[in-house]
Amino acid sequence: MISEHAIVSPKSSIGKGTHIWHWVQVREGAVIGAECVLAKGVYIDADVQIGDRVKIQNNASLFHGVTIEDGVFIGPHACFTNDKVPRAINADGTLKGAEDWKVSKTLVRKGASIGANATILPGITIGEHAMVGAGSVVTKDVEAYAKVVGNPARKIGVMPREHC
Amino acid sequence: MISEHAIVSPKSSIGKGTHIWHWVQVREGAVIGAECVLAKGVYIDADVQIGDRVKIQNNASLFHGVTIEDGVFIGPHACFTNDKVPRAINADGTLKGAEDWKVSKTLVRKGASIGANATILPGITIGEHAMVGAGSVVTKDVEAYAKVVGNPARKIGVMPREHC
Amino acid sequence: MISEHAIVSPKSSIGKGTHIWHWVQVREGAVIGAECVLAKGVYIDADVQIGDRVKIQNNASLFHGVTIEDGVFIGPHACFTNDKVPRAINADGTLKGAEDWKVSKTLVRKGASIGANATILPGITIGEHAMVGAGSVVTKDVEAYAKVVGNPARKIGVMPREHC
């Protein structure tokens, strides 16, 4: 079920039973699995890969270079990134194009959760069933089952297995 | 006045003189008072209760379980939450439904202000005329008239009564 | 090129070669230079001034009082502010109008970059080619070429000239 107010590229792939809500944009080459939810205003950039049963909340933005495995939760307003030194212009003053920067890859492993309004720096891996607290700024890899919070995010505990 | 680009459930209630701008969504059972402003892209989830003369800025998301009293200011990009351990899937791997999680209630008391891009953890009460600084992550209750800032938010002062 | 899903005031000015994507709003009196990119959901408030070759990413909100010089990068979800003591209501309980608050001015100088999900407090100047890290909360002026990160943002280094 796709909202009539969403813009989904015909060159993307959307799995069975996935719901896409109002003002969502899914770009060309994106692959989204089955039984996912993309809530209001979510942005899925070109070629982003998303597994099955992934829940992505309001306004979250996933940029080129991001891969999300099965069963991941991405909280509202969460923001991924893909450029370690973002600049609008090249040294010669011309506007940067798609060829003028190096994309860093980001991977969120199976069953992990990203809290509301979290920011994920480029080139990060977030381990299986890890929990990133709301409002955190993740600047380095997160171990499987770890709970991290803060700016920068630091490990404060381990998620109990029954929650996963 | 409601923008033709907003989506407002016929099962919600909107008070007299309230303005609703472009790409706002108001869901079923939400009750919004009089003379409120809901700016571009605001999201009001099912059954959220909002008083009179409340100003909610761009892209703020208020989820099920949130109650906002009269005269509250909610800054742009502010994000509420309602789930202490958000997960996309149950232990058996099935997608979580509305029955599979416990909603925490959040209350913002009369005249309080929530700064831009603030994140409010679940189950919090923010006292009357309190001021939450921009970019703060609120992890525990905020006293009336307190000013809090940071991640996690800490009390740094008391608001003078003349501002309220 | 302006998306048919954007709302651009006829009383704004848009430079040659500027791209405006879906669900962007540009208000009256805003002046946007040439070869800019305004990505999905960006908000440009009344009278905001933006130079040439400025790249503004998804959902960023720029409010009245903000000036952006040439070649600036503004990351996704970045949020500007213009009111040091935001309140929805006046001391007499009436809703605040445009006359009831003092706008603070914010200036982002040539070639600077604002990271994803950063929050910029009112009345700040960010110097030429400065770099504000993702998720930072900027509470005071940033020197030219400085790199700042954190909440509140602190200087952690200087940008090499070759990146600018």
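Note that the chains take the letters A, B and C in the order they are written out, and that residue 1 is the start of every chain.
Here, a contact is a pair of C-beta atoms (placed from the backbone, for glycine too) under 8 Å apart; a residue touches a chain by one contact, two chains touch by 3 or more.
Quantities reported herein were computed from a predicted structural model and do not represent experimental measurements.
Interchain contacts join each chain to each other chain, per the touch definition above.
The pairing of chain A with chain B is characterised as different-residue: of all residue numbers used at this interface, under half are used by both copies.
A rotation of 120 degrees, rounded to a multiple of 5, brings the CA atoms of chain A into register with those of chain C. Chain A and chain B, compared by their mean Cα positions, are separated by 23 Å.
Shown for chain C are the residues that touch two or more other chains, namely 23, 41, 59, 77, 117, 151.
Across the complex, chain A is touched by residues 5, 22-23, 35, 37, 40-41, 53-55, 57-59, 70-73, 75-77, 111, 113, 115-117, 131, 134-136, 149-151, 162-164 of chain C.
By the touch criterion stated above, chain B contacts chain A in their complex at residues 7, 23, 25, 41, 43, 59, 61, 63, 77, 79-81, 85-89, 91, 93-96, 117, 119, 121, 137, 151-152.
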